[in-house]
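Labels run A, B, C and D following the written order; every chain starts at residue 1.
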């Protein structure tokens, strides 16, 4: 699998978001939804709307109340819903995630906030052995309508313990659903679906995209879990990209256009359930595929997507499916090193050229 | 009161008879896998649950049959689950270590040691948030004191004044290792460190268990927060049904002492007779009646059908 | 991916092991090593020999001393090496695994025993955020020569929280090595390599194979990590199988022979490092491949193996690579249900027939 | 003694000056990412490390610059690491939160809250197993009291009588939340629950810190087991360099009070002058000298080269 990469982002989130912004949301016509808000605002809107709709929705995590989370994404929620529904916790990820599981079994719809996705390492027992299995082990008697919010993504200069994209782990466990939104529009619609879902759902937000702007309708809408979105239609090659990689894929598609390669960008939006049909159909049409995911490709999301395509579109593929993911190293702190670990528009362009012999 | 004591006696005997049959099912190779018997510890589950309402919650453990029965589970459906039958509490999907039953407030047995500490605390969170006055009892063995999530949970429960009672069954062993080798300091000091009300009780004396837990349950129901109880008890049998030669970790004499002097059923029987609440004959009658019921329940489960293979993919998602 | 399956094993380990035994160790000539011992004895021998060789090797976990582990695999070690080197711990997986990491950094070579692989959920922070990253984060200054022993495998009637095969998780994390032995011979040689390795290594043992017998030389030998083993040579189809699935693959290969299909069985032996070359070369030769692993195939080991083959042998494959893994459900307790979740010789035979149009 | 106090004074000033420059590097956009400054807490790290030998171990935290410097790290190599330069302690791979240095017994800073509790305990295990008399100090903020692994580790340390000291820096806040909202009961009761010797100390008085820790270090060195110390302190700056408007979680007055009345450097300076060990002029001389050294160290790091991209794949495996 390809592991070289150049600069994905600058160290400065704001500017970074601006830069990504320009190629954002090609999927939804800016005419249809004139209103533009950021990815972070979309997440907050989704949670606020669901909390208004349903008094059983509660939110807890570290510094989620007055601080509005470490990323300042949920500022204002505690003012509207009060400290009984928006609750600061001790630094006890396992404890309060498990507490969320128990609360979900007994009538609530908790949203548990895990500041950095890297800390999922601390809650895998509560997620994989408890939340994921309770419905099945009880023969369908107990339900766990829980949402766990976590982040993914590197290039923030946060080093190895604050830069991982671990969504492959929960995706591996039956009983869990996993959401990886890539635009403000998806972030809102998928979060609402996650909150209304009767199963444990882990939502991964790219911490570098919180300031990414995009059109989001004011009215209530929900995006069903398990439905991929073709973010850009094309004929020559399919780029299946998730979360942070979707904007990179779209940027690359624009560059590829210049050299006569018409790329289709497919965003699964959820890694489980996985919309295999849309992905495979696209590749059957284009006969070439790149899969992009910011997690490690090894035993990861890239591996699953590549395996699904290689099996499902076997008789249509003109070239091997190529995986682009984080370089298989702990994420280094030093900017030139860290930037080398993440796929970029340039990596995609080079890979696509090779696959299309252009 | 005396009626209640007889009822409590019946429950303890029922658990004992149930577990003896579980052991038979294993030795007769009729039960898949293993099971952890509650024999010797009956007074804890029964004493605790006698102080609970049907709509109160419990979480249980790998050694959970006694907890489930004491909270009101039906023996026939329990046997069916242990045998992996469709009629079981979990359609055969859970087995011995995962009996769950919303009807009786049983949030489920848990095969992860300490795995229910946070879940129980979450159920208590719901009870308080929803303005219910339900109390949650989290049963666990002293081995669970080794799991960090227990301390994270106690801290949360005390901070938020949640109606949960942590019920530590100290039967002296974590599997094949004496708890003294795994537990530093005093057990009761651990909840105390979080400001949690704690109590210790003779887990072989069902009346003492009831009298210790009842006020703590009432206190939690009032909204005055969590509590922690250590019940001193002993498992008369092996860690699981296959643990038959135990000499390398505990002596026959120790087992004998507990079985002859500290049998919770014998202790209550003596009290009932001495206090004139019941005579030996009536107690024997209870045994005979329950024996008959348990045999029928077990046979019904043995004859019950397995789930059909298609069901394997059901209940993964709600 | 194929998810149907019939009976893999009986509920009774001993008999089960006998049954598997007959097709065991086709790789190593029984003449070369007349001595036959069980998988469990091989693991104990490896540990005992390394403890004799190196006083810095210590072992700890729950019930590892007098009890010799819950599976009675290490009986006798405490008698030989004493309670200062073979140590019973509290039920604190995170605590004693992290203790092992710190001890490994400061001069020891600890072997940490995790009774059931399902409990790895409790130590992922110590493994993935600490052990795996310390060498890299410190710029190579600190080393973590740690071995974590865990189990995998279902059909033991232990239900959902004691039957998982979670080796895909550590395999996903750079900095860790992952070993999945399938025979007594490999179990011993790989364990010795793991103990001598200067990196954190997670060794997964199939709890249903402890009584599997096979030839094991008395003299000292080490099997390097990252070298696959062709357990059976064949021309028509490659079956890449790991751990518990190797014996099933070998059994299937024998059945396939009868219908004129000559199957090659390749055992990677370690999922990381992964011997891609041997796997891909085999498939280039046979042009057909099945990958078998008892973990969930989704986002799992099956996905990685399938992706590697689909990319590396793209121009040689005559049929799509087919994944056989645990059915994507929590492992149920009920025997007829549990048996349906694991691939079997029959599943393999049917799949191979289809792929070879026989 | 008096020389040692002046040496201790120098170290505290050095940390203060180092951290002020880290803040400059951030505001001048010369430092990648963020950093958690130790300003205000200098007396804890310096007081503790003044009681340690060079070959004793420490584990540090996300707020670790002070610990590393106090244990003997060189400012220039620290600056270089914070800037992601090749010459840094970790070749630029670790950054602010992961300074590690075998030379000075620094097992590494850890960006996982509570992440070093078990590691430190393991180093103590090695020290005892190898018959060394090295002591390990595990620094952590009071927020780490929320992590279960700390309790698992304390239990192991006490059971096995390991030479580790758990050093809790209570600076009142977990990020933006007051510790009272996250911590039930008395902090000191937590180690006590495991039978661990514990002590509380004024973390702004470096002499008190030294005098409290020294006997506990000696005790651990003798093989008498672990200890736990809570140092009451305060971070004068934000949680990290970007945390500038803090009114929503703590008042300017509170910050002012600590800075004017409880500055550990001013407190020691006053003592040195009052006791005639040093006069203002000599202390000013120390400031001037260290300011010059720190400026040079910083500039050297600014001018130092980044690692070459090829290095990204090195050091993944030993």
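Things worth noting here:
By our rule, a residue touches a chain if its C-beta (ideal position, glycine included) is under 8 Å from a C-beta of that chain, and two chains touch if they have at least 3 such contacts.
Computed from a predicted model, the values in this text were never measured in an experiment.
Shared contact partners of subunit A and subunit B, listed by label: C, D.
For subunit A, the chain whose average C-alpha position is most distant is B. Centre-to-centre spacing of subunit B and subunit D amounts to 46 Å, using the average Cα coordinate of each chain. Inter-chain spacing, taken between the CA centroids of subunit B and subunit C, is 36 Å. Averaging Cα coordinates per chain places subunit C and subunit D 42 Å apart. The set of subunit C residues touching two or more other chains comprises 89-90, 92, 94-95, 118-119, 122, 125, 129, 136-137, 159-161, 174-175, 328-330, 332.
For subunit B, residues touching at least two other chains, in rising order: 90-94, 98, 110, 112, 115, 145-149, 152, 155, 159, 181-183, 316. If you sketch which chains touch which, every chain touches every other chain without exception.
On the side of subunit D, the complex with subunit C involves touching residues 57, 88-94, 98, 100-102, 107-108, 110, 112, 115, 117-127, 129-130, 148-149, 152-153, 155-156, 159, 314-318.
By the touch rule above, subunit D contacts subunit A in their complex via residues 29, 32-34, 84-86, 90-98, 110-115, 143-148, 174-177, 181-183, 248-249, 306-309, 311-313, 316. Put simply, subunit C touches subunit D in their complex at residues 58, 84, 89-90, 92, 94-108, 110, 125-126, 129-130, 134-145, 174-175, 177, 198-199.
Residue ranges on subunit A touching subunit C, taken from their complex, read 1, 118-122, 124-125, 127-129, 132-133, 136-137, 159-161, 168-169, 171-175, 271-272, 274, 295-296, 298-304, 306-307, 310-312, 314, 317, 319-323, 328-330, 332.
Only residues 145-152, 154-155, 158-159, 181-186, 189-190, 192-196 of subunit B touch subunit D when the two sit together in their complex.
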